[in-house]
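The same chain A turns up in both complexes below, where it pairs with chain B and then with chain C.
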Partner chain A sequence: MKPSYTWRVTRVALLLLFGAFFLVPLLAMLDFSTRDLGGGRSGEAWLDLVRDPDLSAAIITSLLLALLTVGGMLVLLVPTMIWVRLRVPRATRLVEFLCLLPLTIPALVIVVGMRNVYSWVNYLVSDSVLTLTFVYVVLVLPYSYRAIDAALSGIDAVTLSEAARSLGAGWFTVIGRIVVPNIWSGVLSAAFVSVALVLGEFTIASLTNYENLQVVIALLGKSEARTSVAASAAALLFASVLLMALSYVGRGRRARKENLT
Partner chain B sequence: MSRRTALSPSLALLPFLVYLTIFLLVPTVTVVVGAFQEDGSFSTANIEALFSEAALRTLWNSVVLSATTAVIGAVLGALLAYLVVTAPPTSLLRRVVVSVSGVLAQFGGVTLAFAFIAMLGFSGVVTELLRSAVGVDIFGSGWLFGLPGLILVYTYFQIPLMVIVFLPALEGLRPQWREAAVNLGATTWQYWTRVAVPLLRPAFLGASLLLFANAFAAYATAAALVSQGNPIVPLLIRAALTSEVLLGRQNLAFALAFQMIVVVAVVMTAYALLVRRTSRWLR
Partner chain C sequence: MTSPQGPGAEVVLDGLSRHYGSVHALDGLHLTIEPGEMVALLGPSGCGKTTALRILAGLERADEGRVLVSGQDISDVPANKRDMGMVFQAYSLFPHMTVLENVGFGLRMRGVGQRERRARGLEVLQLVGLGDQRDRYAHQLSGGQQQRVALARALAVEPSVLLLDEPLSALDAKVRTQLREEIRRVQMEVGRTTVFVTHDQEEALAIADRVGVMSNGRLEQIAPPEELYARPRTRFVAEFVGLTNRLDAAVDGSTARVLDCTVPLLDGSVASGPGLALVRPEALEVRPESDGNAAVASRSFLGSVSHVTCDLDGGPEVTAQTSSALAAELAPGTRVRVSVAPSPVLVVPAG
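Presenting the complex of A and B:
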């Protein structure tokens, strides 16, 4: 069926309206952050991203948090999920339920309830801002779980592991050298989503009085509006690039699968 | 011996279970127990404080904000998803909309608040443009920093979330069904009202519920945007956490968080049930 002329015009008009609604605030950020007090243009606010000591410290903190969270998530989740699939399939529902639970228990609720746990963490481990990693791992769990689960469902993990075991491989070899390389794209997606989520995290850090990137951006908003808008735009841009890269990783996987069949 | 072989594979799950117990279950239980305690002993005083006039007004504001943005987001998001799904799967439009939606729906928070301040704030780009060009003061008395502003900014991340959640259901509508309906003599109107809408209804309602929960529990945008007063529940929780005594109750933060668990859990359970209905014909 060929679409009617009216429909095609309406369609383009609607798409333009949506485009305007989503683009104008983003363009406003660019315009606002490059304003000069005299009325011209200047990149001062963007230079502040590296010059302002508080801001650059916060950027480094958030990047470190992202790195640690990805590491913690991978160590905790990947072996567990593979193990459940290979050896304890009856725990599948339990692990899935626990991983998706943070969607129902919002970050705001966790932060209210975690004061006791964190007073122990601060006592036993340290009171550095980097201890936020522990709770961030929980926060990224639902999204990471979905990415890794999709990749695991795409391969026959049980057969692969039986083949490896019968050739004399130990369980560490099976997980590290047989299964993980086969679900690499899922692991990568999980890592990207986690990085984006941690870089955007505000709720928990601000309510526990730690300073990560978003907290500093919000604080700057009160004194240096242009710098905080520039930092917001930069963070958004960085997250976009990451998630855009993610969509290509996912596409590569699909393309490969189509070639196989 | 046989018992050991049955148990030992499960033991490998212990680190995962212990970790989640400490960092997810303990905080949740703390909230639930704390909601029913005051000064270390059982009390319903904090729960009763939830029904005070001020707390109820805040809850009402939150419900209005979540429901409004869920409905607007669901309708416009479904429309955008439909515009995207009618484009070829490999088209640039589709890839851009899906990627951008992913970023805006998940990243959100403080960033979006500042985007709108840069656009519509007192010295915002659009505000100044309208002020100098038409002489209209769109900033008014600062509506951006109150409930109306929150509705606008929340809509900005609800539409992309709807696109992400609803797109799979729209993609699941097979062209063969339309062809079959047309073959049997159905008009376009009949196809939509008798076939497509009934099929999509559970997915649409489910997605709307997800949007509601998403808005109800959102904190960052509101915290960055609203500086005066605590018009919605998440901000009241902030006030209860940072100033020890609010409405005369020390454990009020626990009670408010408990209220949030209840609301979100009810909504998400309904969502899960509706998704199960959709998955019967999807794929």
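Presenting the complex of A and C:
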């Protein structure tokens, strides 16, 4: 059935509207960050991203945090969720509740609650900014849980694992070679969402007096407005590219499936 | 772990019990399966047949009892160390592997090299007639093909016991009939001891050497299909396997009077007095007779034979099997005489 004319117009209009909603601020940021004082154009602010030692350190910190968070989340969540699905389905509700809990608690409350824990973390582990990984792993749980859960629901994990076991596979092989390859798109989504989340995180880092990318951007905003905007735009673009890659991974997989049937 | 008698192993289920809360899925199941034999476990859902198979596979544990294969107690051996191949009711091919990789998976787990895996994989794929599909993925195959690959995958590791858990019930009727013949052919060819679980009596009777009828976690009777059908030992078996008419009977010594006819008794019948005779449709004879004992209620054409349902005067409705030629004369309302052929029947206590 061909969509009616009015419908198509509405669709295009809506698309333009939402496109503008997202693009106008980005373009404004680009415009602002490339101005120089004389009214001309200059790439100074963007060059500062690598030149300013504080900023480039913060970029590296945030990227490291993203990496560690993804690693921690995957190690914690993937085996747990597979194990719960295969062996202790009774615990599904509990695990889901625990994973979704961080969504319902405001960042401020988390920080206040974590004060005590972190004084021990700082004392026992280290007081490096990278210890933020622990909070961030908790923070990304809800989104990662959803992504992995959706992928797991898409396959008959129990039957596949029983088939693999009856063919001689141990539990490690079942998880690593049978289940994970079939929920790979979900695992990737979880990882991308986590990266995007960590790169954009400001509240917790700021309240715990750590300097990640967003905190430094905010500080810069007070002195070097253009550089701070350039950094924001760069972070935003990076996250958008990641999220687009995510939707592409999901779609590519589906499309391949449909083509081959 | 091959038995001396051939590629198949003897399997003994010794007093298996399994409870889920207050439900007795298995209640002291005893079953001995000869090497190379194909046994079908038949029963309504919840009778414990699948539980028995899963315990045999090591996917579930029994609360009591032992599993012996070739005389060895394997009750404590985990599923991945048991020498068994299993085909599941749900499609179970690994979606991220090609057909050939699927078939080779079990061999890979046993440390067999790439070249040998491929050769053996192609061999079993030939056996199930899918040699040309080796590079496809599960989602490119029909349901019947997927189950055949699953069968090939289970056979590739040359298991001493082959377990089939309702492998055909997700398929449509025509493919089901075809594939069950194929399973039987393959099983005869490889000679593995096979346990086949199904709720479809036709399937069980068609391909198994012996059929075990289960109910409430127990084995009611296990016998070759013909015997199970002709000489059911309990009321449950008689009523579950095939169509059965229930007719009032009076037992006297070794015979019973049913519909004014004298018929011999099967073992397990009541010793004397009144009872209910369980009579197969083909043991009932119907002929038109104006002062008969019944009237035709309906008939259904099944090809060369037809089923004719008659209302007995002052009694129940019965179904008889006749030739379709005779059934053509038996329009609904026709007065008929229904009598019982002198083949042995089971008479159970009334009520």
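Criterion: the second predicted complex is superposed on the first by the 232 of 261 C-alpha atoms of A that agree within 3 Å, B and C clash if a C-alpha of one lies under 4 Å from a C-alpha of the other, contacts with A are read in each partner's own complex, and residues count from 1 in each chain.
The rule we apply is simple: a residue touches a chain if its C-beta (ideal position, glycine included) is under 8 Å from a C-beta of that chain, and two chains touch if they have at least 3 such contacts.
Everything numeric in this text was worked out from a predicted model, so none of it was measured.
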item	value
Clash or fit (per the criteria above) of chain B with chain C on chain A	fit
Which of chain B and chain C A:Ala28 touches, first, second, both or neither	first
Touched partner set for A:Arg93, first chain B, second chain C, both or neither	neither
Chain A: partner with more touched residues, chain B or chain C	B
Which superposed partner A:Arg8 touches (first chain B, second chain C, both, neither)	neither
First, second, both or neither for A:Thr203, with chain B first and chain C second	first
Arrangement angle, chain B at one end, chain C at the other, chain A at the vertex (C-alpha, nearest 10°)	100
First, second, both or neither for A:Arg51, with chain B first and chain C second	neither
Contacts of A:Met114 with chain B and chain C, given as first, second, both or neither	first
After fitting on chain A: smallest Cα gap, chain B-chain C, Å	8
Partner chain A, residues of chain C touching it in the complex	57-59, 78-82, 84-86, 88, 90-92, 94-96, 105-106, 109-110, 137, 139-140, 150, 153-154, 157, 163
Residues on chain A engaged by chain B in the complex (per definition of touch)	3, 11, 14-15, 18, 21-22, 24-29, 31-33, 76-77, 79-80, 83-84, 87-88, 91, 95, 98, 101-117, 134-135, 137-138, 143, 193, 196-197, 199-203, 206-207, 214, 217-218, 221, 225, 228-229, 232-233, 235-236, 239-240, 243-244, 246-247
Chain C-touching residues of chain A, taken from the complex the two chains share	155-156, 159-160, 162-170, 173, 178, 181-182, 257, 260-261
Chain B to chain A touching residues, read off their complex	9-10, 12-13, 15-17, 19-20, 22-24, 26-31, 34, 76, 79-80, 83, 86, 93, 95, 98-100, 102-104, 106-112, 114-119, 121, 123-126, 156, 159, 217, 219-220, 223-224, 234, 237-238, 241-242, 253-254, 256-257, 260-261, 264-265, 268
